[in-house]
Structure formats: structure tokens, C-alpha cells
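Heads up, the next two complexes both have chain A, just with different partners, chain B and then chain C.
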Partner chain A sequence: MSRSISASQTPIDRPSPGSEGLWTFVFIDMMIFLLIFLTFMGERIGHLALYTQAQGQLNELFGLANTLVLLTSSWLVVEAVQATRRGQPQRVSQLLGGALLLGAVFSVNKGIEYAHKFEVGITPASNPFFSFYFFITFAHFLHVLAGMVCIFHFRRRARLGVGSAEYLTGLENVGLFWHYVDVLWIFIFPMLYLMGRL
Partner chain B sequence: MDSDTKRMVNIAVAWCGPVFVLGYIIFWAMLGHNVPPPNVMGMTPEQLVSEYYGKYQSEISVGMIGCCVVGLIYTPWSLLLASMLRDDDGQLGVLSMMEAAGGILTGWVLAFCPAIWGTCAILTNQVSPELVRSLHVMGWVIYDCTFMVTSIQLFGLGAYTVLNKKQKIFPAWAGWFAIAVGVIFIPLVLIPFVSEGPFAVSGMWNFYIVFGTWLFGFFVPYSFFMLKATMGVSRGAQHTLRPAH
Partner chain C sequence: MPTQTERPVRVWLLLMGLTLCSVALFEGGWLGPAASIVIVLIAAWKSRLVILHFMEARHAPGHWRVLYELWNFAAAATLLIGYLVSLRVT
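Now for the complex of A and B:
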């Protein structure tokens, strides 16, 4: 199926980016995270003092830095998709390299944050808040790693792949997934790092 | 074996799944007083004996020994499921093998851990409360912390369903759900370490959500499509349940 979009097509006529399977995955994964968030909120309401006190032990600067890193990385992937449509393999490779680098920055930041927690004796077993904190951020981190593997794969294929409909659809899938990872973090950051401070 | 006989065997094995769930609800959940289970990490040995094993000794004994039987009914159901995950050439690939191996091991865990709890119930007045609690905790650690046996089953099944676009028995969404359920199990590793909150053995997440999503996110849809496929195969129409091309 051709992925080209004619000028006469209205936004409604245009096919959604990516493939149906990826949209299905994102929807189901979103349901799972919604379930996690609702459980967290329910538990937080029931044990407000404990959760507020524990949330105060998180450093919101780590969360803020990672928010900015992921947002910038998402923007680079959008640019890479646009560059693919324009048929610029070298530009695609550069942009995906930048996105990959920012993914690595996120990972290192997360590693430092975890190490700091373990150093001061905070573990997933410390209290229910930290069980959620480690579970949610680790599940999100696994998504980041999966996204990085996909970006790495498409960066390697850029020189030969740019110009083919298959590559474009694949990269759109990666972009969709990477935006989803970003959006998840935009919910996780205020929920875990900021809410106790309001 | 002729196709009609094979069809009947497949239908019988497909019904093993619902029979297993029903049996496990009766023996493990109801007779075993496991909804929710006692929060053992927050209980002293004496509390566990007086409030659980001593109080419901006969029911737990019968329930857990019943589980030793019905738990393994999960295995043939899983094997039938694996036999439906055939590659284009009709062979069973590594994803089918993962489903089968995970199903076999899960069936074993579903029967073996209740055997430990059954022992606790039967001997509860003959051995020390500390020993009862030790065995009880060991049973739960095996039951929950080896979740990867079931996750391997779910990942193999889910990946096959999603990646094999030619098969028409299971929809892709069911595959994604199976993978998601496998991931939902991850916090089960926390059960030996926490005594309160959603990740305790009887907590909201590690009991209700884990068991609930396994049942409704994996078992119900796959069981439905298995029954539909096996019962929908017309007599003599095909020798195997190979995916439609």
C-alpha cells in the first residue's frame, strides 16, 4: 500500500501514521498503566500521610531533567520521520542518533537516581509508595530501553531503508511508541514527584 | 487417529481449561480460604495457626489436596494451545515450545504449592507454628516468585499471536493482552519483602489485579477462541488445527 499523501487529501482521508498492530499495543499498554495509576491513586488516598512523606524523599530535579530529555528526544524522532518523508537518509541517521543519545542520558539519570535511593537504604520493600515508585519507573524504563533498541535498529537501516514505504511505516511506529513513552512519563513525573509537594 | 476422534479429543482437552478454573476456584479459593489469602508476612506463626490453619483445618486440607489434582489439568489445556500455534509449514516453532514449557511448569506450580499448604493444614497441630509458617511462606515464594514460568508461556503465546499474521484463530489484541499480563506479574517478586500495601501477598495488586488480569486478560479470551476453533471444526473437514491461510 502506498504511503504517499496527495495534496488533495483532507486530514480525515490521510491514513494514521504507523500500523494497526502498534496502535493496538499502545492502547492495551495504556490500559495497563491506567490500572497501575488508578491503584496508586487509590492507595495514596487511603494512606495520604505515608505517601506524602515518602514522596518528599524524591528529588524532583531528576524527574524534571528526564521530562525535558524525553520531550527533546521525541521532537528529534518527529524530525527524523519528516526527514524520511523528504528522503534524507543522512539527516535521519543524525536525528535518530540524537534521540538515541538522549535515551541514554535518561537511562544514566535513572541509574543515578536508583543508586542514590539504594545508598540511603530505600528499596522497593521500604514502604508501599517506594514499591510503586520502583515498579512504575522500572516498567517505564523497560519501555525506554525497548524504544532505544528500535531507534538503534532504524538508525542502522537508514541509509538503505529511507525511500521505502516499509521503512517509513516502521519509523512511524517507532515514533508513535517513543511519543507514548514520553506521554507516560508526563503522567508519571507529576504523580510520583510533584503531587506530595502541592 | 481419524479426524472425528481427533476433533473430540481436542474439544475434551479444550474444556480442561474451564474445568481447571472452576475446580481451582472451589478448592483453592473457597475451601482454601484464599480470597484473600492470609497476609503471612505480617503475621506471627501463632497467628497463622490460630487464625488460618487451626480455624479452617479440614476445609484447607481438602481444598489443597484437591488442588494437587485439578492444578495439573492446566497442563493438557496448555499443550492443546501449543498445538494450535503452528508455523506456516505446520511445525511447532520456539514460541509454541515456550508456551508449552511454560504451561507444563505452571501446571506443576499450581499443584505443588497447594501440596505444601495441604501439608501445613494436615500437620498444623503436630508440628511447631514456626515450621508451619516456614512451609507456608516457602509455598508462597515458589507460587508467586517463579511467575516467570507463566510469563514465558504468555510471552511465547502472545508473540506468536501478534507476529503470525496468517493465523486466524486468535486475534492480535489477545496476544498483546497475554504479553501485558506477563509483565503485570513483575511485582510478585516483592511478596517476601512487604507486609502491607498493594504488593503484599494479599494486596490489591499482587493478589486481585494479578489473578484478575490472568483470568480475564489471558485465560477467558484464549479459552473462548480455543473452544470456538475446536468446536467449529466441521467433522472430517481437517486433520489438524492448522492456521487458516
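Now for the complex of A and C:
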């Protein structure tokens, strides 16, 4: 269905953001992560002393920095979607470039964090807590990389114009996925780094 | 009523503030289960802000808003109940 909207339209007039397929895809992924959270919390109850001791080896500043980076990147993508609705290709390109840069900052930060762990001999095989830590954070990191590839693609396309309904829906889908990556981290950060250490 | 262009920046500032509050609880040494519970509640609030305002679930078909909000509730409940049960075990 073709669509043409502007920022001046009220929410009632505006077609729903993104496509039905992407809302479904993200929801399936959300349910998988919910099961992972459930399994982690269940295992934590059974081995509380080990989990609490291992959690103490994490540096929460890495988690905090990545939370702030992802929230900011998410905001830039929201602004890029709005700039698309206003028909501002250069602005869209700048905003997506900023989001991409922050995605790269997240990746470097994650790499440094993993390197520190490996340096002191901590691996996914060290104990069950670190099995979960590496599995959850690496699965999330793969989502970040996938989101970055999509943002890169739509940034390139923005130079050719952002006026089509197809571009808008595509970018809304990318935004939906990128914000989901943010939502995941919002829960992963307290679950792995903060909760129970207090 | 905020305009379309200023609303995202206000949500972003609120999200940043809530994140810093969470870590301030940790770094400030407010010890005990209450701090962990507050941190999870803050995470649920932040996640809901992202779902409603950044994902624009407010403007999505109603069933998606309901399902995404239910997921948010379930994720927060998983963390909270798991944590509270672990307190009873110790």
C-alpha cells in the first residue's frame, strides 16, 4: 500500500510505523530473549553464591557506557525517521551516520570488555555465570552488528532521496529493530551487572 | 503539547537521567534488596518509554502495543521474582 505522510499529521491520521512483518519478527526475538532471561534467573537461584561472586568480576562502567551509547544512538534513529517524514535526505544521512558511529563505539567497548575478561582467564567455560554472560552479551552484540548493517544500507540510500513510502517504511523497520536492541540492553545491563551485587 | 520534533529529545533526556539514577544507586552504596528492586523498576520504565515513544508502539496496531507492553511487564517480573526468590533461598 502506498503511503505519504508528513510530520504535521496527527497520530490518528498517520499510518502505523513499520511493517506488520517486522513487528512480528521482533516479537518472536523478544520471546526468545525472555526465555533466556527466565533461564538465567532460574539458574541464578540454584547457584546464588557462585553467580554473585562471578558477577563481582564485571565492571559496571562498561555496561553503563554502552547503555548511554545505545540510548543516544536510538534517539538519533528516531530523529532520522522524523527527518525522513519531513523529506530531508541530508539530515537523515547525518543522523544515521551518528547512529552508526555510536554503534561502532558500542562494538569497540564490547571488544575491550571481552579482551579484559580473556586476559584474566575468564572464558565462557569458566563457570555457568560467565557462560550466560558471554552467550547473552554476544547474542546481543550480533543484533547490534545486524542493526548497523541495515543503518549503513539506509544511510547510503538516503543520498538518492528519502521521498518514497518504501524508504520510509524500511527505515521505520530498521528503527524498530534498533530500538529493540536498545530495549534488550536496558534489561541485560541490570540483570548481569547490577542486580544482586548491592 | 510538545511538538513532534521536541518530543524525542525529551524522552532521550529522561532515559539518560534514569540510567544515571540506576548507576548512582549502585555507586552511591545504597545497599540492600530495595536498591536492586528499584533498579529493575527503572529498567522497566525505560524500556516502556523506548517501546512507546521510539518504536512508536502508540501508533502501531493495538495488538502490537498490548503484546510489547506485556513483554515488558513479563521481562521485569522475571527479574524481580527471580531476585526475590533468591533472597528467600539465602
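Simple rule for what comes next: the second predicted complex is superposed on the first by the 184 of 198 C-alpha atoms of A that agree within 3 Å, B and C clash if a C-alpha of one lies under 4 Å from a C-alpha of the other, contacts with A are read in each partner's own complex, and residues count from 1 in each chain.
Keep in mind that, in the parts below, contacts are C-beta pairs under 8 Å (C-beta built on N, C-alpha and C of every residue); 3 or more make two chains touch, one makes a residue touch a chain.
Just so we're clear, the structure is a prediction, and the values are computed from it rather than from any experiment.
Following the overlay on chain A, a side-by-side fit with no clash is recorded for the pair chain B and chain C. Taking the C-alpha centre of chain A as the apex, the lines running to the C-alpha centres of chain B and chain C meet at 110 degrees, rounded to a multiple of 10. Shared-chain residue A:Ile28: touches chain B; no touch with chain C. By the touch criterion stated above, A:Phe154 is placed in contact with neither chain B nor chain C.
The wider contact with chain A, measured as residues touched, comes from C rather than the other of chain B and chain C. By the touch criterion defined above, A:Asn127 reaches chain B but does not reach chain C. In the superposition on chain A, A:Arg197 contacts chain C only, with no contact to chain B. Looking at the shared chain after the overlay, A:Tyr167 reaches neither chain B nor chain C. Once chain A of one complex is fitted onto chain A of the other, the partner contacts of A:Phe106 are absent, as it touches neither chain B nor chain C. Contact with chain C, but none with chain B, is seen for A:Ser74 once the two complexes are overlaid on the shared chain. Put simply, chain B and chain C get as close as 15 Å, counting only Cα atoms, in the superposed view. In the three-chain superposition model, chain A touches both chain B and chain C at residues 31, 42.
Residues 21, 24-25, 28-29, 31-32, 35, 39, 42-43, 47, 123-125, 127-128, 131-132, 135, 138-139, 142 of chain A touch chain B in their complex. Taken together, the chain C residues at the contact with chain A in this complex read 4-5, 8-9, 11-12, 15-16, 19, 22-23, 25-26, 30-33, 35-36, 39-40, 42-43, 46-47, 50-51, 53-56, 58-61, 64, 67-68, 71-72, 74-76, 78-79, 81-83, 85-86, 89-90. On the side of chain A, the complex with chain C involves touching residues 7-8, 11, 14, 16-18, 20, 23, 27, 30-31, 33-34, 37-38, 40-42, 44-45, 48, 60, 64, 67-68, 71-72, 74-75, 77-79, 82, 172, 175-176, 179-180, 182-183, 186-187, 189-191, 194-198.
The touching residues of chain B, counted against chain A in their complex, run 162, 172-173, 176-177, 180, 183-184, 186-187, 190, 193-194, 196-199, 204-205, 209, 213.
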